[in-house]
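What follows is a set of structures for review.
You will see two complexes here that share chain A, one where it goes with chain B and one where it goes with chain C.
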Partner chain A sequence: MLDIIIGLLMLLSAFASLQSKDLLKSGVFFVVFGFMSGLLWIRLSAPDIAMVEIILGSAITSILIFKLSRGVRDIAMKPKLWRRLWAGAGSLVLFVFLTFYLFTVREEERVGGLVFEKLSLSGVESPVTAVLLNFRGYDTLLEVGVITLAVIGILALEPKKKSYEWNDIVVWRFSKIFLPVIALFSLYITYLGAFSVGGAFQGGSLLAGGLAFLSLSGQKLPIRENPTLFLAMLSLAVFVAFAFAYALVGHGFLTYPLELSTLSIMLIEISICISTGMLLYIAIRGRL
Partner chain B sequence: MLGFDLGYLVAVPLIGAILSLLSPIRLFVAVVFSLLSLTLSLYAFYITLSMYEPIYQWVGGWPAPLGIGFKLDGVSGFFLMMSGVVSFAVGVYSLGFFKEGYKRQGRFFWFFFFFLWTGLNAFFLSEDLFNLYVALEVLSLTAVVLVALPSHRKAIKASVNYLFLSLFASMFYLFGVAMLYTNYGTLSMSLLAQRLAGTEEFVFALFPLLLALSIKSALFPFHFWLPPAHSSTVAPASALLSGLVVKPPAYLILRLWLDVFPDNLSLEYLSWVLGGLGALAVLFGSYYAIRQRTIKMLLAYSTVAQMGYLFLMVPIYYKAQSLEVKTIVLQGFALQALSHALAKASMFLSSGNAIYVARRDELSYMPGFAHSHPFTFFALFFSGATLIGLPLSGGFVAKFLLLKASIQIGFVFQGVIFLLGSLLAAMYIYPIWKESFSSKPEKLYDHPIPRSMELSAFMLGFIAFSIGLISGFLIQGITGRD
Partner chain C sequence: MLIEILSTSLILIGSLFLLIGSVGLIRLRDSYSRLHALTKADMLGFGFVVLGVMFSVSSLGEALKLVIIWVFVVVYSSIVGYAIANSKKKRDA
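Up next, the complex of A and B:
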């Protein structure tokens, strides 16, 4: 039942996103669409894909869309009739196929059991972190690359404009008092990822929230442009440095030796946390 | 494999991307890392020339159902070499291009340049369907930013369109992958191939997969995003987009058909659908290209047409019984992709040169161009000849191989399309040649072009043309596959 509601909401939001004449509106609907598909992944019992989907599909791409849409607000984006017909026919066929597909689903052995079996060799105790940073660490490396790419893309396209500010005493005080606490807590959550629920992306998002408040209150971090960029690129640099170094030493690309795996994963996680925070902060400010 | 790790192919350009953004000596980093990456790509290709079995490497040391695999075989080695050579030449071009104008774009260009290279290498090496998705995302996002790089209105509009379309395509792809994963419990292509044999359910997953990949490679009815996106950006970005970025999805379709999906009756109809759309792409793409009055739009539509050839051969491949014919089709596919990548990149680069001196991009603004800038003209000449498929050129050998295969199976249809396509290509290439030869050079055109811009365009065109002579050597790795 829940699946059907989510599916209907997805269809609606996709339709609204394509139909709306205002690019900003269709961007908003696209975010809804991305979020719904994230929920759908959870329902399909693939929470790791869901997380990536929500971060990428909704958060990052929507910022990219909003930034781009500023430049084309006044261009009429009314789609042509034949294009709409194409889209309609395509989705109808897809819908029919998906319905048919639902009847053919076979439950076969997936890799879940294997993850728990090899968990002791991964250097961390949390299965999600083990999958993200060890078993499928290469995917995560490229995902970190995608996030960095999107934000640097925003930087490259954005002419230097004043970002949106919210000059409110409460926001200002809040950010001033709580930012250190939030930063500390986000690092703690990142550290927690090795044992239980938590991890670098969650910690990074928390940090980004704190930094977003700072930027809304009209303040900025007391560091200059180059260090900001450096911190934003830190995770990609650390990650690829580890991968490359282990390949050079002869262990193979991204293959942690068992005794160093906990340390490597911890360092990579902390760098991802810091970078995700900085990247989202840059994305919100629209400049360094 | 001692001392060489397939991961280097991904790591080195990625480190180049990071350093070129962070370090103050950007151009030095760009030169060093382009050379390193090119060497690695060529070395990977060199390995494939003399091997009998594909090389597998498990990233992180975790084998298939758990981890992600690298796979290097004849076809992927060939495509790695292709992206290496074209990227390198575009890099050489950009050294001159960003020195003069576009300063602000030049600051960020190298980051995206190296990231694109990383994405291409990651894509051609991977054998894991989800990993391929991530690599595809890297490629699409880079491409979107590259399209928007000049940040004038036309470019941003094209890039927004492209972003939306490619995101929807990605979502379809992910749906397809999820269906395969829920039904077969693995993402690795080699394992999937074993588990798929004798089952029917995968057909449902095939549909969104093929839809997504044909949108991303601009197959005929989904081609409308390509011309504005590829024509509105700066010359080196256009060359990368048109030469390289559209190739990986087509390659993946081939790979799925080749390695993963078993023989099945329903696939025959689908292969004809792809082949038919490819034929329409050749005809309509060429027709629209003939009608264009600006060089870049003409070249972009020509990309639609040339990509059509890659799909045209799917039914031939499917129908062919003997290994010999299949190998011929495969060789034709690879050569067509390579010669198009080289020729189209060279075309876009030299059209960038033409725009650089004439400051306009209409065809009628380049009269007498051949007199004032012979190197650029020869680049246009060689690459044009390849696109048409004149004898000796790479395009000729590719089309000849495919023609041979289609005749051996007895498909007249494909043969007719090949001939018509060449005729139409001649019709849209000819005006470029004619205009650049026509009258005396004007004073305006004495404006010198940085040497690296002329040389890289010329070299690409020259290689594209002379591929015909060394094609036997190039396709050796593919032949040695089985």
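Up next, the complex of A and C:
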């Protein structure tokens, strides 16, 4: 019953977000949509994804949308009718196909059992982290590459600003007090990813939330431009370095030796946490 | 039994405050009065919900976590409320 209500609210907010004329309203409904899908992930007992969905999908994306909406308010987006029908038909076919697949797949063909079977070989206790960093390390490496490239794109497009325009003393003082606490907590969440719910992307997006709050005050981190960029690129460098290092000593690309796997996964996770925070911070703050 | 009734009624009171705050957010006229309705009712409602949940924790650590969450929400919602009001004031001026 609760699931049906949340699902209906999700559909409604998605519809409202697509249909409303005002971009600001669309953004607000998009936030609601992200929050609802986060709730639905909790109901599906996937709190990892729920955390990312609520922080990234509804908090940080909304800041980016609201920043963007100032620049593109005059452009009216009105896709043609046949295009909409085409998209609707495509999604319907996909939905029917996936539903059909979901009900016909056999228990032993599902991947979950395999993951739990091999979990002791991964070096971590949490199945989600094991899949992300060990069994499907390629995917995560490419994801890290994608967000790094996206931020490089933002840096390339944005004109260089001379200085910050305002200084909100109240927000600045409070983020000065609370940012260290948030940074500590995000590292804790990253560390927790090895055992239970948590992980690098969750911790990183939490750090990014704290940094976004800091950038609301109009001030910046008390570190220079180059170290910030270095920290943002850190995870890609660390990930690729680990992958090539193990390939060179003969283990294979991204294949950790069993006794070193916990250490390597933790180091990669911490670097991803720091870099995700920095990348999202740069994306929100823009180039300086 | 008595504890359950107490905890449920505390959570209900909290939800009522949250509901009133949300109604205020939708019904009131301008940003200032909306913020006025939302921030206060939110904080009180959330405090009651935390108090209600506090009865069902198993250890002192969990209770402490709840208190920390409450402190975070109170501080952040007041700061965010301030930031929204300030940006509105700047835009009007």
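One rule holds for everything that comes next: the second predicted complex is superposed on the first by the 169 of 288 C-alpha atoms of A that agree within 3 Å, B and C clash if a C-alpha of one lies under 4 Å from a C-alpha of the other, contacts with A are read in each partner's own complex, and residues count from 1 in each chain.
Basically, a residue touches a chain if its C-beta (ideal position, glycine included) is under 8 Å from a C-beta of that chain, and two chains touch if they have at least 3 such contacts.
A quick note: this is a predicted structure, and the numbers were derived from the prediction, not measured.
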Touching partner for A:Tyr281 - first (chain B), second (chain C), both, neither: neither
Winner by number of chain A residues touched, once chain B and chain C are compared: B
Touched partner set for A:Phe174, first chain B, second chain C, both or neither: second
Touched partner set for A:Thr255, first chain B, second chain C, both or neither: first
Chain A - residues contacting chain B, complex: 23, 26, 30, 37, 41, 44, 46, 49, 53, 56-57, 61, 64-65, 68-69, 71-72, 75, 83, 86, 90, 93-94, 97-98, 100-101, 104-111, 114-115, 118, 134-139, 142-143, 145-146, 149-150, 152-153, 155-157, 159, 229-230, 233, 236-237, 240-241, 243-244, 247, 251-256
Residue numbers on chain A that touch chain C, as the complex places them: 168, 170-171, 174, 178, 213, 216
Residue ranges of chain B in contact with chain A within the complex: 5-8, 10-12, 14-15, 18, 21-22, 57-62, 65-68, 70, 105, 107-108, 111-112, 115, 118, 122, 130-131, 134-135, 137-138, 141-142, 144-145, 148-149, 151, 153, 156-157, 159-160, 163-164, 167, 171-172, 174-175, 178-179, 181-186, 200-201, 204-205, 207-208, 211, 221, 224
Chain C residues touching chain A - in the complex, by the definition given at the top: 75-76, 79, 82-83, 86
